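The following pair of complexes shares a single chain, chain A, combined with chain B in the former and chain C in the latter.
Let's turn to the complex of A and B:
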């Protein structure tokens, strides 16, 4: 029998897949001077993928489930697909001028990028272990290649190799855990596992399987102690790829964690809660302390993104000790954090691309006085970096607030302690975020700065658009947090809250 | 005037400066006249609205929140845009709008290096929104946002336009410019406090769910719950501690004060003025608006500790003043002492003490604001703040010297001027604290506080002697110093008038606050 396919529900995936193939074909036939058309088509394709999402969101069908419950389009899936499409769109915008300047493999670049975006969009709907695994690999695999895209650069080679080896190890761990879960429960769909595994929370094999899976996802979200690849890979990869790794790829890891932990293992929250507690506390503290000593802006953002992952993990830890409503709140808190983080971190990387072009360096020292000759970039840097620090009125504060709220709402002493750890870490983080802004606005222009012409060269239009869109979201959501919480509240149903 | 009373008036007072900041931001940098006109226009209209509000305020019902509105803001956490003013916040709101206008006028003729009026005015205006907003917010989340909104502008103000002298970082073998050190220190200290304050707010929010159908951040509702004994035990003790951390850093109370001398000294004149006049009030206001009425039992438990820290602040601040050679730093330390009196008043938990705290805050706002203005203008002319090199200022610039003398007298608490009432009433409150508090401890605090007033007089007179009296040092010979200019006079005369007016008619402030304070104390402590 042929499975019942809901084509509207699959339309975003189909659009992305078709675009990817078209880009690859175009690349074959376009002369070298016309390669920029691949970028245009890629950007347009991702924009078009958003249209069916809107149609699905306003349709009153409700939840669309296919393939025996393996592929589900519900509110959670729609919100996260929307996020992946928008952040993919922003990354593509950031890529255009960056990739063009190197003049090779443009078509392949966009093809791989689109495939990864496709993977993340599928991931948001995956509700069984196999679909989930394939989707998450589809997100990662193209990134292994793209991290090494600057093939003449040793750092880029190292980035790619390190990411590949550790990524594969993580996948193996994850798959190993999944196979145990399948063996113990005999189920692949998350709902089935939740039902069959209800009484297994004490089974050592079950616990081990769960921890293996968490370790695997831990690599994807780059939580301490699974973060060692991140700084080197982030520094060596092309900056737009780094932006994608730190936002979409990380968000994909979180989506997998969210759907797996909340919908397949709700009864084992007593096991994964404490495990995540440790990951969260370690990630925040170690990454923040290490970030204090960074001199390269991308490495700084790498450690910052590890620390931010720690903040995003805090609500997971809360889920272990809370009631059903608290579970939903913790779930929504992580979603809110991811959405806001996506925009502020993409913005920060867009600033890095623009700033590196003007200052000719990735060393923070070299950015001195940027605010005096490029006040626009300086202002945006202030907005994104202070948003990452969680300072009102920029959107980061509401992310921090819901994270603290989930922790305090659990009501246990352990969670209050984690909230206190997070609070101290928020202060530590401010120091290094503020240091970047300080250099830009308060330090003199260094003697090594490039000449006037480079410094005042205009920002590429597409990059400017990415910066503009991100800053609008970061400022608007800071004043009207409901713009974001409206969406994250809609996802709560998945956690049953 | 229905629109004015239904929240629009108040919202305009809060957000007009922010709109002004946007307008300034979109004005070309070269067009300084337009930037000046815009910033002055927006702040003057804001002050006008605040004055209008003071006239329309129903003083017969000053314990009721007026001109307010309550709208949905963040639905998912049931946080609302709830604003309003009562007798406690009205004087502080007017003070804030008033000082902002003067700060803008003063800066027209005193752009600190590196110039850039556009950035400076935009930051001043954003700062105004944060300050005004904190005084009218009636929702804990909203309060938090406004409370934090002042951080960014002040950070940039100190960091960009601040003191460029090189200093050694205490404890490290490194040298930086003072402005950079002071700016980040101010930011980190305040954020540390407010991060824990936010945890305290959240704890209250979740606890409130046990008493009302929907968990709430609403301050009046939480006050209602708190006065009915909803928050007690270890829980309330820890929450009070968390809020204490947030507010005490901002006040600042000893031993959390160390950011203050650095920030005040390093900030450009206008920054120092706004810091001293308004920003320091946010912390003490938080105690009166949030900590005391919501957690009355814990306030009683913590009162002795607050009183002790307050008295240490008074004595320590005064003694530290005597050790200063930098005029601005001396005034900064004097703030530690004066805010000690404010906190001593609050610690007494009586209506006299809390009234003292509010009038003390308003008085400190106008007096220390003016002191920083004068100190800024003097260092603008002499290019030094070292009191050892100054001297004989009365002969060099008689008008400026006169104003400095007058303000110093007000600051040391001369009866008939504004500074007197806060100190006097705070000591009076400490003499007979709330029933149940340790009378011996508070009377000891009162005696020590009284000694503090003597020390205050001591260092203020000492400063006057060094700066104003005697003969000008030989190094200034032959140089011409311009006495006060028109901009300075325009900014300062209103403050001088306010100092005299509040000194002679304390009812200007107490008339608004008294009923509200009595009602607060009655509800919270039943007496």
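Let's turn to the complex of A and C:
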């Protein structure tokens, strides 16, 4: 018996896998001075992976299901695959000048990056526990290595080991939960679990299995109290890798969480809703309060991304208290938030890469007066940081708006309380985002700043392109929310709403 | 058919793994503890499979995938530990405290 394979549906994955192998082979045969070709091929490969996605989106076949329902290409999968490909593209653009200046292991860098992007693209289509597990591992494992990319740097070493140990622990917790889910329902496909597990929401073993899985995914999305690895890994890893970790890797965790909770455990919403409520409230509050005290820009963004994960979890908690329509509403709200967050956070990290090159430091103090000698970077920093804070008319406010409306729409006291916590946190967050922008524009240039030549050195072309693309999306989506909501509304069908 | 005995074995292995992860200071021993946890999962999966007698043998296939991924994971982990050992001549995870808060 040979399985039916729909090659068009698999085309994005095949393109990425082939590109990764080509990059690895090229690296083997290219002389040292021409290694930049690996970067060119990697960027082109990721762009080509977008073409079959467009073809799939405009085709009228509808949902394509393969391998006994394990691999499904529906609207949700397409939207998230698109997001992963685009954010992978932006991260590769940011990497080019950064990795080139390190001068070593370029080919391997792009190979591992492409493999991780491949994992996230597969993840968006996974609809059974085995595929989901393999895809999550494929996203994370290359990242363990990339976090330790600067082999001689002790901080990078430390970042790598901390991420590895906690990441593997998370996988073990998740697997232990999965093994019980399999034992109790006898099913591995998410649809099968939903059917067989319909009446099990009161079974203590079932609840325990579900909580183990949520804990495992909690590590991947770095929600408090599973966030300990995030600030250290973000600080020690090379900055483009950090950008990838905080966007694609986190989004991959959220995709897994969305798919598993909404399509495998819709009847147990009364169990996972409160658990996610606690995660959301803790993530927002603790991360924001810690972010206030940060002096390093990357650590500040690390805590900010933990806090943003908290905002993204808010609609999950709302899903527990509502009906089918509310479930779809909450689902679409999270997807909207993820898409907007991806662009504004990637942009913020691109600004950090450009700014750190000009100021020669990651300390916020050292960034004083950046706006006076690099007004472009200063303006972009303002755009991305205020968008993260949720100031209109930048895209961040739409993310916050849909999140609040999903929470208030649930109409229970608990959700109003969570919305209030989120509102207070949005104000706290504005304070530390604004502090960075204030330092850039209002503080004097510190005495430790590098000389004129470094400060006015031009931004690398590829990095400039990444900055430009992100800022266009952030501003355009702020004025025309339908640009983003069009996609997130299309995903709603997965939640049944 | 015995099932609980296997699940208890799995739970014991898993708990031992968590205990080792928290208590051991040598990175290689921590890695071993994580392997214990993954093998606890395998024991569970195979026991459930034998108990359920599923026609599609999903549990056994899952266990094979877990074994494969665990092997890859150890490869990555040992590479990272080796890198740290070369730079610090020690694999003690308590000494990794360059970054805090």
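Note that the second predicted complex is superposed on the first by the 497 of 497 C-alpha atoms of A that agree within 3 Å, B and C clash if a C-alpha of one lies under 4 Å from a C-alpha of the other, contacts with A are read in each partner's own complex, and residues count from 1 in each chain.
In this text, contacts are C-beta pairs under 8 Å (C-beta built on N, C-alpha and C of every residue); 3 or more make two chains touch, one makes a residue touch a chain.
Here the structure is a predicted model, which means the values were calculated and not measured.
Visitor: Tell me the contact category for A:179 with respect to chain B and chain C: first, second, both or neither.
Guide: second
Visitor: For A:54, using the defined touch cut-off, is the partner it touches chain B, chain C, both, or neither? Pick first, second, both or neither.
Guide: neither
Visitor: Answer with first, second, both or neither: which of chain B and chain C does A:198 touch in the superposed model?
Guide: Neither: A:198 stays clear of chain B and chain C.
Visitor: What is the contact status of A:417 with respect to chain B (first) and chain C (second): first, second, both, or neither?
Guide: Neither partner.
Visitor: Figure out whether A:40 sits in contact with chain B (first) or chain C (second), or with both, or with neither.
Guide: Touch partners of A:40: none, neither chain B nor chain C.
Visitor: For A:165, is the partner it touches chain B (first), chain C (second), both, or none of the two (neither)?
Guide: Touch partner of A:165: chain C, not chain B.
Visitor: Just to be sure I read the superposition right, which of the two partners does A:392 touch: chain B = first, chain C = second, or both, or neither?
Guide: first
Visitor: Would you sort A:157 into first (chain B), second (chain C), both or neither based on which partner it touches?
Guide: second
Visitor: Across the two complexes, what residues of chain A are contacted by chain B and by chain C?
Guide: none
Visitor: Which residues of chain A touch chain B in the complex?
Guide: Where chain A meets chain B, its residues are 332, 382, 386, 391-393, 397-398, 401-402, 404-405, 408-409, 411, 416, 419-420, 423-424, 426-427, 430-431, 434-435, 438, 441-442, 480-482, 485-486, 488-489.
Visitor: Would you pull the chain A residues touching chain C in the complex into a rising list?
Guide: Chain A reaches chain C through residues 129-130, 133-134, 137, 141, 144-145, 148, 151-152, 154-155, 157-162, 164-165, 168-169, 171-172, 175-176, 178-180, 182-183, 186-188, 231-232, 235-236, 290, 293.
Visitor: Tell me, which parts of chain C touch chain A in their complex?
Guide: Chain C residues touching chain A: 7, 10, 14, 17, 21, 27, 30, 34, 37-38, 40-41, 44-45, 47-48, 51-52, 54, 58-59, 61-62, 65-66, 69, 72-73, 76-77, 79-81, 83-84, 87-88, 93, 96, 98-101.
Visitor: For a test of understanding, state which residues of chain B touch chain A in their complex under the given definition.
Guide: Per the stated touch rule, the residues are 73-77, 141, 144-146, 148-149, 151-152, 155-156, 159-160, 179-180, 183-184, 187-188, 191-192, 195-196, 198-199, 202-203, 205-206.
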